[in-house]
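Shared chain: chain A. Partners: chain B in the first complex, chain C in the second.
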Partner chain A sequence: MRVEIREAIETPDPPQKGPGMTDLGAAFSITRWEGGRSAVYSADGNAPGGRPFLDGIEIQMARPLREQAIDLELGKADLVELGPNELRRAAGGRRIWRSAAVRLLALVFGPQVGDARLREALALSVDRAAIHSVLLQRQGEIAGGLLPQWISGDAFLFSTAADAARARGLVGPLRAPMRALTLSFEDPAWRAVADRIAVNARDAGLMVAAAPANPAADVRLVEVRIASAEPWQALAGLAASFGLAEPPQSGSPEALFAAERRLLADFHVIPLLHLPYVYGVGPRVRGGPGITPLGEWRFETLWLEGARP
Partner chain B sequence: MTFGTRLLLVFTAAVVASVGLVEWLVWGTTRDAFERAETQRVNALVAQFQREFARRGAVIVRAVNGIAASDTAVNIAIAPDPARYYGEAAALAASSPLDLLELVAGEGTIISSAEWPARFGYKEEWLAGTTGWKARGAFLRREELPDGVTLALTAVSEAHAGDRKLYVTGGQRLDREFLSSLVLPEGMRVLLYRNLSSAFSPGELIGPTGAAADSAPLVPIVTQALREAREFNRIVGGGAAAETVHALPLASGKELLGVLLIGSSRRELVAIESSLYVTGLLVAIGGILVGIAVAWWATARVTRPVRALAAGAAKVAAGNWGATVQTSSADEIGQLARAFNRMTQELVAQRERLVQAERVAAWRELARRLAHELKNPLFPLQITVENMRRAHDAVPEQFEEVFREGTGTLLAELANLKQIIGRFSDFAKMPAPEMQSVNLNDLASEAMKLFQPQLAQAGIAPRLELDPQLPPVPADPEQIARVLRNLIFNAIDAMPQGGALTVRTAAQNGGARMEVADTGQGLTSEECDRLFTPYYTTKTHGTGLGLAIVQSVISDHKGRIAVESEPGKGTIFRIEMVG
Partner chain C sequence: MMPPVNGFCAALAAILFLLPGFSSAAEDLPAAGELARRTAAFLGARAAAKIRYSNVSSLADAELTSVRREFEASFPEAGEGALAEIHLTLSENQSQYLLIEEVHKGEESRVWIAGWKRPEAAAASGFGLTMEKILVWEQQEPILDLALWENSMLVLAPSRLTLYERQGDAWHARQSVPLAPPRPWPRDMRGRLRRTGDRVQAFLPGMECHGTAGGKLSVECQASGGPWVLESGSRAILLADFAPERNYFDGRVVLQDGSRRTAAPFYAAAAGEDAGGTFWLLSQLDGQTGIFNANLEPVGTVSTWGSDMVGINAPCAGGSQVLATGRGDGNEPDAIQAFSIVNRTANPLAAPLAFGGPVTALWPATASTALAVASDPASGKYAAYLVTLACGH
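Then we have the complex of A and B:
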């Protein structure tokens, strides 16, 4: 089975980014690895659950979403990631696998942005609804909190409304140079979102310059995977990802809400959206779905039509 | 200033003036021709710009209308959720000649923007409030972009689907690429100032290769064009960098959005002017040199005979009456030289004749005087001798007494004759003066004292008016004293009825002046003229040599003597001695 992903993973050894590839270890073993370019996994006959149906999996990395969609259409790939635009263009009847909203798209400020007014103003300026409806074609959920609604159950309590007037009031006293921020995004797929944030920020009197892969940027647009459906574990994982203090665990939902609010209180992290993993599935692929609600790959139950039995 | 110098200056001035006049005429004609060509070139470029502007406008209108008429536009207009068309403008712009394209919902909300995709959902207020976009065609507009504001040639079209409407706004930037599409003749450049901010911004003055490097001289032009909203020309810079700049304001309605500057280098004109200047300078220098050479030649040809004539005249003035001038030319100068030579020949001849006549006259006068002087004593001698002969023949007894008396008379008259001959001898043998420092005041006082008795006897009042500051003068005191005695003696003779005799001295130009004035009957002007002629006298007695001797002495002392007299008013003799 040929799989394409947009990430470029240099080493197969953990920790690895991205969904899926760490999940293959139970039934497949690596037979070839070209860092950042491609990887080949072969079926493991001694797998605990028995030998998978697929003989092997070829993974092509660093493949742009648009190219993936084309490869899927042309039959060059069996499983590809779909972005919002590709999802919109996907031909009718195409099989799509979606996870739950397990990716958090958020803005994370660097330590150099010490003025909380500036961070809050940016948080208030972002029109999440427009990004959700237009740029993401209504995929996922608008996020005010770190955890998605399906995990915490109280995500709706976090405000997501934009308030440009209040944002302007916050940054009004600041001098122009202090109102200038650099915004970095790792994945080119998020350029449109970053640009939109810059446009929104301008309405608030902030001057945000978006540029890809800038380690010294004042604020970064990051995507973080939520690795657990258990609320406290998910919150702890997110806090660790953002470099925030791990919240003390407690059993009550109120404590979870309070812990999440504390993490967001100083606006170092601004949650924007919770997004699912979305895959386009080729017509040869049978079985599945090949992903779990958390976006984990479960390819051992898949097989390819017309393949050697 | 000599004649030669004047001639040189006239020649040089004439050459320089001629060269300057020609230079001025050529320069003016060249400049006019260049300015006409310049105007034509600028007008051609302005027309080209306007054609290109109109052509681009037509292209934009056609493209925008095409998009508005497409199924895509209709689909977007009727779509219940236009959000899915967020990226449509970029795709449509990529397949059209438009740099800028926005799809805007009927109520003015941006659905999709090619130039600024992230601006979806924002309102374009200026669209919704206006109608008749199709008739308006292309127009200039400020367009906001992520990286700032730009000037664009824009057109708007509307797509209608039932009661739904979609605005399609598209355009092209007026930027350096637009400018680079203009074909410019050699030596011309085109710049565009985009009036995108309230104050002048140097960065908005662009050329085909980017921001204009030397924008400072153009700032006043842009400012004036924006202020006056009219076309005009202005020359900026100097020397080879000089440039004629034509300013063409670009307006949209009443708003001035830009100024097109068409610069035409004046390097060629400056080069031509420089060449003319150098040529004119060389010609002028050549002319001056030629003028000098011609003037020298003309001077040599014209003034040499004139100088020779002047030298000849100077020789004549110095007494060389026989001086002649060499000439070989047949022109007026030659005629003048020949006339001069004839004149000097005539002068020499006349002088010879005059000297001859004077010599004869002098001899005659001398003879007459001598005869006159000698005749007076001779007559008593003759009478005495005849008396002695008659006494010897007729009265022998008285002869001895007569003889005694007669010989006495004869001796007296012979002494008289001897005295007369001595005077003539003195005049002939005037000695050279023995010069020494002399105070004329002393000589005057002594002379006056000498004649004191005669003056008193003649009833003449003596007066001495002597200058105590009189400087001593070099003179022979004996001869000057003789002069004074002569003049005083003459004055006494001129006042038989008495009168006043004044001797006065005064310092004059480092020398001395001495006057002897009487109050006698005076002299006529004719007498004054002849007064110093030897043997001329106005008196019934005397030899007429006194004043001639006086004049001879004063002349030997390099001095001057003059007489001033009128009948009935006395006479003044004035002697001037050099210091």
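Then we have the complex of A and C:
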């Protein structure tokens, strides 16, 4: 089965944690690894639960979303990632696999932005609803909290409303140079979102310059995967990803809400959206869905048309 | 599997009786009183507050009514001149139902959350979706359909339509309207209830009832050959003619755009979306479930399902799902399983949800839940359940 992803994993060995390829380890063995380019996995005859139906999986990395969609249409790939634009253009009858909303898109401030008014103003300036409906074609959910509603049950308590007037009030007393921020996005897929945030920020009296892959940026637009459906584990995982203090690991729903609110209190992290993983599936692929609600790959029960053992 | 009826059968004549034994998720609603006491401690027991209630969970709105009753027993609403605003929301996550209270008094605000365990999932699938069932009502006479809202419940049985009112933890029959069929009911009797606000419609073989069920049940029934309204999920609707002497629809349908079509006779219909396109599923008399495009042109079949199914839009699963019964013979224990339809293929989303006896009715309850009725061969009773599809193990 031929799989394409847009991420280029440059490590010398296959990743041992994270989504995607790591999930293949239970039933497949890596037989070729070219960091940043491709990987080949072969069925493990001794896999728990039996040998996978698929003989092997070829993964092409660093494939832009648009090219992935074309490869799927041309039959050059069996499974590709779909962005909002590609999803809109997807041919009728195309099979699509979606996870639950487990990708958190958030703004994360660097330690150099010490003025909480500035951070709060940017949080208030972002028009999440416009980003969600226009740029993301209503994929996923608008996020005010770190955890999505399906995991915490209380996500609606976190405000997502934009308030440019209040943001202007916060940064009004600051001198112009202090109202300038650099915004970095590592994934080119998020350029349009970063640009939109910069436009929103301007309306709130901030001057935000968006540019790709700037490690010294004041604020970064990042995507973090939620790896557990258990609320406390999910929150702890997110806190670790953002470099926030580790929350306690148990307690009541009220304690969970309080812990999440504490993590967000100083606006070092601004949640924007919870998004699903979305894959386009080629006509040869049978079985599935091959991804779980958490976005994990479960390819061991898939097979290709005409190739079922 | 529902066998087609080949002729008239005797009317159900016996007057059966309702049995106690009701249980629902409301039995597990422990939290509202505790939150009310915390509210009173924060605002003062006699403080005036305006209270709003919302339900973003998969629980029926009737549970919200229970919350309101319990909360206001300890902290009554006083809308006029209210100094505080209270918003109570019934919510849920993977393992718990939550009752969330937001209190705003001037510049001060509080959030309190009480949680209680969700019913044990019936079964977990390898993909993290689970199906759950909650017992709503049980009685000796067959349950054709059931509608549940706020403090009220309507039960459609072959002999009567009964309005129940909830008092405390029990349902009490408030009013009952006998059904006088223009001709004997067919074997394997079917019926469908629709409620829109206070208005109710009951579709029965060769008969249709219209009326209201607000404070009082007022229904008039008449012989009718008109179509039944079949809903699926949050958006799809189909008008279908029911064969009055059989237990299936005769295949004549009216689509949402008003166009008429004739398909093969079918037992049940469900709609869904695949890559933005609407499709219909019709469970046919030959045991096949036909997949049809939006114009009702056949595009595929599913051969592993039973005769009953509904379409739902489970919030956490995304898109549309179909809940279908198994291929039992109508006498043995049945199961309901959730599927997605992709590229004209049915993909199971969760492990089957088992019932102790055959499933005798399966209808949409809300856009995201189904109402399933199963008979218990041992006791002879019929039990109605709300069936939901949830994410997570």
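The definition used in the following text is that the second predicted complex is superposed on the first by the 300 of 309 C-alpha atoms of A that agree within 3 Å, B and C clash if a C-alpha of one lies under 4 Å from a C-alpha of the other, contacts with A are read in each partner's own complex, and residues count from 1 in each chain.
Following the convention adopted for this analysis, contacts are C-beta pairs under 8 Å (C-beta built on N, C-alpha and C of every residue); 3 or more make two chains touch, one makes a residue touch a chain.
The structure displayed is predicted, hence computed values, not measured ones.
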Combined model on chain A where chain B meets chain C, clash or fit: fit
Chain touching more of chain A, residue-wise (chain B, chain C): C
Chain B versus chain C as contact partner of A:Leu294, first or second or both or neither: second
Touching partner for A:Glu34 - first (chain B), second (chain C), both, neither: neither
Which of chain B and chain C A:Leu157 touches, first, second, both or neither: second
Which of chain B and chain C A:Asp266 touches, first, second, both or neither: neither
Partner chain in contact with A:Arg98 - chain B first, chain C second, else both or neither: second
Chain B versus chain C as contact partner of A:Glu305, first or second or both or neither: neither
First (chain B), second (chain C), both or neither touched by A:Glu10: neither
After fitting on chain A: smallest Cα gap, chain B-chain C, Å: 13
Chain B and chain C footprints on chain A, overlapping residues: none
Residues of chain C touching chain A in the complex: 56, 89, 91-94, 96, 98, 100, 102, 111-115, 126-129, 274-277, 315-319, 340, 342-345, 347, 391-393
Residues of chain A touching chain C in the complex: 90-98, 100, 149-154, 156-157, 229-231, 252-254, 257, 276, 281, 283, 286, 288-289, 292-294, 298, 301
Chain A to chain B touching residues, read off their complex: 85, 88, 127, 130, 133-135, 137-138, 192, 195-196, 198-199
In the complex, chain B residues that touch chain A: 81, 83-84, 86-87, 116-122, 146
